[in-house]
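Next come two complexes, and both contain subunit A; in the first it sits with subunit B, in the second with subunit C.
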Partner chain A sequence: MTELQAERGGDLSAPPIDVKSKRLRYIDLLIAIAAFAVLASLPFLFSSKALLDFVIRCAAFGLFATSLNLLVGYTGMISFGHGMFFGLGAYGFGLIMQRTGVPVPVAFLGTLVLTAVVATAIGAICVRLKEIYFAFVTLAFQMLIHSIILSWVSLTGGDQGLRGGIPRPKFLGIDPTNHIHLYIMSCALLVIGLLLMRQIAQSPFGYTLRMIRDNASRASFIGIDVWRAKLTIFVLSSLFASTGGIIMCLFVSGAYPEFAYWTISGEGIFINLLGGVTTFLGPMVGTVLLLTLNDTVTRLTEHYGIVLGIVILFFAIGLRKGLMDFAVEWYEARRGDKERAP
Partner chain B sequence: MLEVQNLCKSFGGVKAADDITLNFTDGSLTAVIGPNGAGKSTFFNLITGALKPDSGRILLDGVDMVGRSPPDIARHGIGRAFQVASIFPSLTVHETMLAAVGADQRRAGILHRRFPLAETRDRAEYAMELLGLANKRNRTAATLSHGDQKLLDIALALVLDPQLLLLDEPTAGMGTEERWRMIDKVRELWEREKISVVFIEHDMDIVFKIAPEIVVLCYGRILATGTPDAIRQNPAVIEAYLGTDHHAEAI
Partner chain C sequence: MTKSRKPGISRRSALALMGGTAVTFATPWVAGAQAKTIKVGMPTILSGRVAQLGTSSRNGIMIEVDKVNAAGGLAGRPIEMVIRDSKGQPQEAARVARELVNTDGCEILIDAEASSGAFAVHEVARDLGVFCVHTNSETSSLTADPKQHIPNAFRTARQGVHDSIVGGGYAAAIAKAKGLKKWATCSPDYAYGRDTTGEFVYYLKQFAPDVEIISEAWPKLFQPDYTEVVTKILQAKPQALYSALWGGDLTSYIDQANIYALFTQMEVFAVNMADYTALTVVKNLPKGIHSGNRYIKTYPATAENAAWGDAYKAKFNEYPTNWSWENATAMMLIAAASKKANSADGKKLAEAMKGLTIKSPFGADGTVTMRAEDHTLIGYAIGWGTTIPVEPYVPEVKSGDWKQILALEAEWKKTKGYT
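Then we have the complex of A and B:
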């Protein structure tokens, strides 16, 4: 084939990809606005305070779990210590508010800066490691941060946590002590956070991450600095985990060592198992699933661990995938059937 | 353009590269042959930065590549394909090409725009056409046939617009007919792209037929270099490598 033909063939068959990708971006934005509208209207439709509390917790854990999926699902870095950034967000924000009395947005940004610094330092050590070593060393750093929180009693209150309430002054007309205001703010943070993470996942950088997940060595031979890309996503995802922690801190008006304990990382992994890591919204579905399970099972039985264990075994061994993965495959299979049918 | 000077590399007591000095000129097509364990793949790994030489220099247009990282060397214009096709299994052919072009254009870190970038389209298209993968663009790489995976691997090296293309056994694991198709493709690429190509090959028929230059490696040393005719008549080569009954026919 001559070069001329090659060019012509390209023009005929290639979709106008720049137009297409722009359109997809608007679709994401529309979905986000619609989701926010639905969430924001809930307090006016239902008077249940428990429902709003549930959504706020979903926002905190959803941001945390989705940010973990940027590492696990998109980059293939299985972190067992991602919960440290959740705890760091809660403690960082709580401490800044208690000690300095700055406005909420300043404390929010300050916490993100603090998280970024810590994540860069820890990431610089961890991301060079492969698979199981990466998992264990991130876990070790989590335990380190947890024991610092426990032992630095004068700053963190030790095993009692940050007590006495977190001051939550009004800002920009928002009153975080008002339940509905706090609820709307959490929803806004969730939607904006998800939208930003979606952009990361669908950006050229997001595809660089997929290449690293698939074949890191090949990626380096086409000129990709694997270490730098891994560190970048490690830090970026820590920021969203930290935002989840900040929401949690505002919600309970405190911070407790459990927020930085390894079980939080474990829950993040469970959520990703339940929801699935091959779709962007999988972890969000997993979050709703796990929190619902949590609430119903603890009400019915004290053997919470056994029930949760069975559910996770069912997903891991029975389905061998998360709920969203399963749903997507089912939908595609059905669509395939329809197309084949005359 | 690529000068390798006194390159040495040992693994324990084994010398995988023993004082290798070679010169690949602009636009050359060179075959590297040698028995198993001769250090052929090690030689490629040294040039591309996957291994660090114990001593020696590797000059690409006069710039020393020794001590640089693989991505850095790739960006200097040395592309490689692997003996076992090294691809991104979960990406489609089209995505693979677009992402690789993006990486070459130093756009792999862009966060504020959507994949794929419009400016990567033409080169990706060109590379797919060149290797006959355009009609399989929407196939996931893992589902491609063995031969197409090898082609995709080569396409990945080619979209970087390399000055030097290193192909580690492009015909590995292929049947006779497929081998010839692949090697014709390699020759076509070399002629069209006007780049230097170095390839490792086991099949003597192929080597003697298409490579104007041959390098014979044995136990990490260069046994001989030269044209097919010179290699055929080289007594050291005949004794060490070609002297078996099987290969006598080829000569």
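Then we have the complex of A and C:
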């Protein structure tokens, strides 16, 4: 089966691959259910509210960073402006809840639709460009959105953010103002989000993306519409980043212009650097690593920047790859050693 | 066959690494044991460009905490401050505030955040119901807007609208006396800059209706080069200039405008000039800049205020800032409320704090009051004067009239739909 047929959802059956991928999907689903079960049981094992806060933030940033990896790691599109969708999610959701008072799921879907529309418009312009040009135009759009948030004071509250709290009414028996309910909801969103992204990454479309990353001209020569594929993944990944923003909005009960600032995009890139871009869970590991680092270092010293700088240097010059990349290579090297051993 | 050391990490060091990571993970979540001490959490900005906000807030409050502890603490419980950096990010401010309450067991929050961070901490106070005092946010809506109001949060900072009323009245008097009709403004391009400038101009025109704004410049916050802004103002040839620039922005603006001799060509009103952070940093402080008081140890000209400023200088080897007195006031009020309620319980403190008047070195008449209706500070020293290049920097300060301030503030609240 060629990438072309795969991408068009071709009905050619290719039994050996299909069986294997079906089994893989089955395993993914099992892992997801197990992970959710573990996360959901945490509040009953530990009484620490800070642990729950930590996991909620991991869900927000983890979804954001993993969605960025769909662009950076899988498609080779290094976006410096991915944070705009995080901000858009937070503001979209916050504004819909404050202004209309619709139920949470409706606001959630509305925010995703809004994000998809904006991402399609921005992506249509950006994905034509390559490498550094793509990176900088996405950054420019991010700053545009940030400026709009700052200057449209009557709607967004300017640099003070959305004030007065986000109404969080009950829905389907879930009460987002209840810490444990919010926690379980964030975990569910995280696990479902990761599972969906995993499906995208492992689908024929996901392999098309890898091909575009490795050689876009070749992909184009065999008939793949590179622009459409890039735009599709740009929009899809924006939806997951937006979901991250919604979780953050619920967590802080507000939305602030910093959510759409370039530093959020920078943090996403940094998380990917830390965790590694060659494995699917790399960014998730990076998120846990960065947030742990942040929380621990902030408790101990106010010279957070210097510690973070040293860690970046360690990863960039010492390991020269993310933690998960390193771990996978190390594991494979070990196994290779054993297999070679007499 | 000899065994050779394999490349990479050995199993033992890998285990050690994992153990280390586990410990690092676990430490923040092991809650501290509840002792007799009362923990007071303080999220603030201790790194980056406005780190001085955090350090001088910390200094300001520590002076008072030491006094309270020396006198036996809050209802017999010594205070332990837990001060943590939010790096100026609202989501970090919210996280740190929650962590301080949930993990560190803080029973009181001193929110020494600026701008959006204060609103983020306000939401935490709303969610957790913890007693919270905002000490640095001057944004009027934080307490004026009834949507923001929660019973457990108070503000001990000055308020933007108060400054504008006093500044507008002062400037209008000078405008009338000197015939200053053509005005220009130059303020940082964000909510604080836009709001205070708008309110200042509004009150200036109320008091002196024939004033006209002929040029507006909005430099970016933390802009390094003000050449185009300075030349734009000079070309417009105004008779007077208003600026809400502050801190490093204000000092670099003055240094750069000095090159063009801007200060000899017009009257300058800079609301944030009379703060030691600006006064002591400018290379050639021009004579005769009009400024509102931020913190200055000679105004109010009382022995208490001078002693407080000197004690601070002796302890930290620098003069207090506007943030210092605002945070010190928070601790003074908490101590007085705790005495009144004979308790350190948040709910009782909040009840006792409403409408509380205390003696204060920073009061216009020697006292400050926590207004009951909207939980914000009134009666603090507020006035305008002109600068000279040496200490005391602003020799004479013309005090604002609190009766007038309160009357105009009530009107302003009505126009905003707050009352």
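By our rule, the second predicted complex is superposed on the first by the 327 of 342 C-alpha atoms of A that agree within 3 Å, B and C clash if a C-alpha of one lies under 4 Å from a C-alpha of the other, contacts with A are read in each partner's own complex, and residues count from 1 in each chain.
Heads up, the rule we're going with is that contacts are C-beta pairs under 8 Å (C-beta built on N, C-alpha and C of every residue); 3 or more make two chains touch, one makes a residue touch a chain.
As the structure is a prediction and not an experimental result, all values here were calculated from the model.
Novice: Thinking of the overlay built on chain A, is A:Glu258 touched by subunit B (first), by subunit C (second), by both, or by neither?
Specialist: In the superposition, A:Glu258 contacts subunit C only.
Novice: Looking at the overlay, what does A:Thr287 touch: subunit B (first), subunit C (second), both, or neither?
Specialist: In the superposition, A:Thr287 touches no partner, neither subunit B nor subunit C.
Novice: So, A:Ile222: does it touch subunit B (first), subunit C (second), both, or neither?
Specialist: first
Novice: If we overlay the two complexes on their shared chain A, which of subunit B and subunit C does A:Ser48 touch? Say first, second, both or neither.
Specialist: After superposition on chain A, A:Ser48 lies in contact with subunit C alone.
Novice: By the touch definition at the top of the document, which applies to A:Arg25: first (subunit B), second (subunit C), both, or neither?
Specialist: A:Arg25 sits against subunit B, while subunit C stays out of touch.
Novice: State whether A:Arg163 touches subunit B only (first), subunit C only (second), both chains, or neither.
Specialist: second
Novice: Touching subunit A in the complex: which residues of subunit B?
Specialist: Against subunit A, subunit B makes touches at 48, 50, 69-72, 74-75, 79-80, 82, 86-91, 95, 98-100, 102-104, 106-118, 121-122, 125-126, 129-130, 134, 137, 156-157, 159-160.
Novice: Over in the complex, which subunit C residues touch subunit A? Could you list them?
Specialist: Subunit C reaches subunit A through residues 1, 6-9, 24-25, 27-29, 31, 46-47, 54, 84-85, 87, 89-92, 94-96, 98-99, 102-103, 115-116, 119-120, 123-124, 126-127, 139, 141, 145, 147-148, 190-191, 194.
Novice: For subunit A, which residues count as touching subunit B in their complex?
Specialist: 1, 6-7, 9-10, 13-14, 17-18, 21-22, 24-25, 199-200, 202-208, 210-211, 213-215, 217-226, 228-229, 232
Novice: Name, in rising order, each residue of subunit A that touches subunit C in their complex.
Specialist: Its residues touching subunit C are 46, 48-51, 53-54, 57, 150, 153, 158-161, 163-165, 177, 248, 251-254, 256-259, 263, 292, 294-296, 298-299, 302-305, 330, 333-334, 337, 342.
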